[in-house]
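Each structure below is given as structure tokens.
Heads up, the next two complexes both have chain A, just with different partners, chain B and then chain C.
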Partner chain A sequence: MKKESNLGRREFLRGTAVAAAAGAAWMAAHPRSEATVWQIDPTKCVQCGRCSTNCTQNPSAVKCVHSFQICGYCDLCGGYLQPGAKTRDSGAENELCPVGALKRTFVEEPFYQYTIDEKLCVGCGKCVKGCGVFGNGSLYLQVKHDLCMGCNECSIARNCPANAFRRIPASTGYLLKTGEHGGKERK
Partner chain B sequence: MNRKPVAVAALLLCLWTAQAFSEFRFPMPEFESGYTHPQMNLPPVSKTSPVVDVTLLLAGLALTAWSVLKLRSRRMVFMIALFSVWYFGFYRKGCVCAVGSLQNVLAAFLLPDFAVPLIVSLFFLIPLVFALYFGRVFCAAVCPLGAIQEMCAVYPVQLSYPVQSMLGLFSYAYLGITVLSIYMGAGFLICRYDPFVGFFRQGASFNMFLAGGILLLTGVFIARPYCRFLCPYGVLLRWASRFSKWHCTITPAECIQCRLCESSCPYGAIVVPTPEDRPVDRLTGAKRFGRLLLIAPLIVVVAAGAGFVSHEILARLHPTVWLAEHVTEAEQGRLTEPSLDLDAFRAGKQSSAELYAEANALKERFKYASACFGGFMGLVVCGKLIRLSTIRKSKDYEIDRGECLSCARCFAYCPVESNNAQEKEQ
Partner chain C sequence: MSIESPKRLIPGWVWAALTVVVIALVVVLFFTDRRKTPDTSFEYDLSSYTQIDPKEVIFKEAGRIPLNVANPSAMAIGPDGKIYVGGENAVIVLNDEGKELARYAVKGTPGCLAAIPDGKLLAGMKNHIEVLDAQGSSVATWQDLGEHAWLTSIAVNDQNVYAADAGNRIVLRYDLNGTLQTRIGAADTARNIPGLVVPSAFLDVAFDPMDALWVVNPGKHGLENYRANGDLVSSWYRMGMDLPGFCGCCNPTHIAFRSDGTLVTVEKGLNRVKLYAPDTSLLGVVAPPEGLLAPGSATMSCDLEPPVRDLAVDAKDRVLVLNNPKHVILVFEKIPNREGEAPAKP
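== the complex of A and B ==
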């Protein structure tokens, strides 16, 4: 008799615990809310260089992207060339990118197109800084979602001195610079 | 080919035309060669199928429960552990994991507007429900963190019960600090200090590898140090497992008191029978229990006070408080090395006074949260003391359902087991 009542109590406790855990899990989950991803706000980024060193991925999931619409296609590119470079060619001593990921191709006089080799880019942000100081800021850092693991706590975000990382809806994915007149070419 | 004058002229033009083009220093060129802008490479979020993960979790748990309870096969458990290390560990790179999902579920309750995907919620729930019915089968083989340690436990030694019990307090402290940190918005500590994810991802900071390496090396002798003495999710599983309906037993039939299994458990989960020559005096036991209950509130209050006093240290978990202290250091000229955080702060809009105000407000909140954390630890200590001081009468060698990780090691030590197996074969 005593054993039976004991079993009943245990059964009741177990039932309560299952209900509590299931209730907690159900209340915590928001099946309808959209999944979010980490992304860098380019207006906040200060190009400290931690994106290249603090990511759990190696090389980092943060890469430089290029908004061609707002690029000036300059010959004297602040993102491509070292400050005070003697010549404006693709000599290693002139290039700012430490891994040679920023490629330059001639379009037409006097314009040059700059593209990023993502396999090489480590997300150090040196070119971003250069383009920001002397340029339109068309080069900037973004988290590439095919590489990002989507960590619970982004280890770059935690160390970002400018708080430039935030979670955005997965359907948006990127925080791009277009600018008010960015899409249009200037008359 | 010197384009500097052109650039300067463009710059001036830009400044002159002002407003409309103020955000861009150089004009966008007008191409005559019919050049069009290339597309930006912006890959969409890679879709991992949550259904596969949840299915594998369920299958793994069910299979482990079956191999422990019905098949009674350590080999099978070990095979499942191998698979878990490969899939949940190396293939999925340690994410999504039930241990970490605890934080997301907590955050959903403690923080406003924190969305938890259903899969994370399920990863939190399913192992707990399984623990309520079959014991800690999740720890046995499905958790990649547990499985990798299980493989390292080659020469396990046994710890005395009080030592093990006291070391177990760390996991409660870890759980408490995790809750505190999430409540205060200071981040997800379990993920940050996950010791084995570095191996799974094959890339981590030196300190992470060091911590993981030390834990695995320790685990050769003191089996599963993370599971037993640190894992915050293990605390919940321990509670759930105490009420488990069908927990595995050491012997498949009646215990013959041969004492052979006594030394088999590396986790100290085998409760030896109460010795006959040391009968427990009911009155002495009741008195001791009463005294413990009397000092219990005192312990809780003292622990809460200790938590309150240490709020300054705990507050440093929060990045704002840390930054405020960093800026103070710099202002007092104690900072010798250049600091990116300081430079970024100075370049920002916030003044030091505002930062200090924010940090102080946080510290005020930390006072109460730390006191609560201390009180929680006090309660845990009381619970442990009561458990240590009360003697349950047991006639046979039984499993401590809270501590048992269902690793199936002890089965092979039981002579009844081998008899049964031989009978089956015949």
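== the complex of A and C ==
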């Protein structure tokens, strides 16, 4: 009885070793497909506002990001100022961002630099819309991977009216906007 | 002795009610979006600016000229009344009713065009001017303006060619042979020139009927009048979303003058075409957003090019608006007896 039991254990170990070797060989032949993450295609996003309300995180893992390469450093910034702002100062009544997350600093007459306070930004896309309509479209929304939980089914993607969410390789992570002359390339 | 079955213990209507409750729960939990919609403070609403009182509109659409060219991006009217439209790898020549008379092949898409009196055509090809003869053959290529150059407008008179380079924020004066004469518009405190502020690829130049050169300073939301030597004669700026103002980061995108000296302007963002008197007062609207086939201007997604790519006034003082996405020239005529004439000269 004891001998039979020893043989069984040996066979089991042998079988395990063979299975492990076969598995290793299979994995070597079929490298694991790369991990993917959710990201927003800025050319498809229509700034519907759902990125701020539909994320499982509060505040949303979606934040506004800025392409300095595309920005016109405008004084009358459509992303920073309310459409009807009578003056161009940075008084709260003139700011478009409902949570004051978009900041501006004077560079030289008449240019200003715009930055986003990520801690405050709720990803509503209001500034993105203003910049796209009146400016160069240098502000846009992205899922920040340090904040995103990587939900299997992104609850924003499920409700995005523009199909702007897609999975991209984790090594890429972001769909960044670049481009000269306001990112508006003439074909 | 009979045993009562469980079915009898729970009546049928209870089962039916339970089924309905379960279905309702499944629908509510899995097939509805119960998340709150964004608060109105998160909405970007331009409707109060895009809706224009019809009484303010003093022109009407008199016709549409369809364009058989890809990506129509530039337009000019020749001294003989022919309309030139530049698109992808082609310039088409139309008569004033829109009949195609000729088609020239070009390499690339002209960003601007201007016809010179001897029958030649100047095409702004991003970083240089290409000269085409009356048969459309390239007869000269002017200087390469460098990698940052972005030619957006050309204006021509009897002696000079003025080319607006939005990339380098400058207007270049050439003689008719393409020799550079003067650089106009660079900031110069000694000459009281503020400098051209050009946040995006829009910088326009045009002559008024008295042959004075007007240059748009888009980042300052106005126009500047220069002499041929680059001296600044006068300027006016009017930033604002309201009707008399120029909206956004950089407007107007295009200008043209009618024979009575009134100024036609095109804006992007709030897509609208307006008419100003020589004293700079607003006379009225040539075309509101819907008239430009751009009803969605306020909800336009990022990075769309503005629908209006060029503007011209023809010999009959009609306003011609080049609509790129619709592949059409919109022709506007003044509505008789509506306000909007230039004030009579004293």
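Just so we're on the same page, the second predicted complex is superposed on the first by the 148 of 187 C-alpha atoms of A that agree within 3 Å, B and C clash if a C-alpha of one lies under 4 Å from a C-alpha of the other, contacts with A are read in each partner's own complex, and residues count from 1 in each chain.
Convention: a residue touches a chain if its C-beta (ideal position, glycine included) is under 8 Å from a C-beta of that chain, and two chains touch if they have at least 3 such contacts.
All figures in this text were calculated on a predicted structure; none of them were measured in a lab.
In the superposed model, B is the one of chain B and chain C that contacts more residues of chain A. Residue contacts after overlaying the shared chain place A:Val128 against chain C, while chain B stays out of touching range. In the superposition on chain A, A:Gln69 makes contact with chain B only, not with chain C.
Using the contact criterion defined above for the overlaid structures, shared-chain residue A:Asn136 touches chain B and also reaches chain C. Contacts of A:Thr36 after superposition on the shared chain: chain B is touched, whereas chain C is not.
Using the contact criterion defined above for the overlaid structures, shared-chain residue A:Glu93 touches neither chain B nor chain C, since it reaches no partner.
After overlaying the two complexes on the shared chain, residue contacts for A:Cys77 are found with chain C alone; chain B is out of touch.
Judged by the touch definition given at the top, the superposed model places A:Met149 against chain B, while chain C stays out of reach. By the touch criterion stated above, A:Pro110 is placed in contact with chain B and with chain C alike. Of the two partner chains placed by the overlay, chain B and chain C both lie in contact with A:Arg50.
Residues 46, 49-50, 72-76, 110, 134-137, 162, 181-182, 184, 186-187 of chain A lie in contact with chain B in one complex and with chain C in the other. Taken together, the chain A residues at the contact with chain C in this complex read 42-47, 49-50, 52-54, 72-78, 83-84, 96, 98, 110, 124-126, 128-137, 140, 159, 162, 177, 181-184, 186-187. Chain A makes touch with chain B in their complex at residues 10-11, 13-14, 17-18, 21-22, 24-31, 33-37, 46, 48-50, 56-58, 65-76, 88, 107-108, 110-111, 113, 115, 118, 134-137, 142, 144-146, 149-153, 155, 158, 161-162, 170, 173-174, 176, 179-182, 184-187. Remark: chain C residues 33, 35-39, 41-46, 48-49, 71, 73, 88, 109, 111, 126, 150, 166-167, 197, 199-201, 219-221, 239, 241-242, 247-250, 268-269, 297-305 touch chain A in the complex. Those residues of chain B whose C-beta lies close enough to touch chain A in the complex are 1, 3-4, 6-7, 10, 20-21, 23-33, 35, 37-38, 40-46, 93, 95, 100, 103-105, 108-109, 115-118, 120-122, 124-125, 128-129, 132-133, 187-188, 191-192, 197, 201, 203-204, 240, 243, 245, 319, 340-341, 343-345, 347-348.
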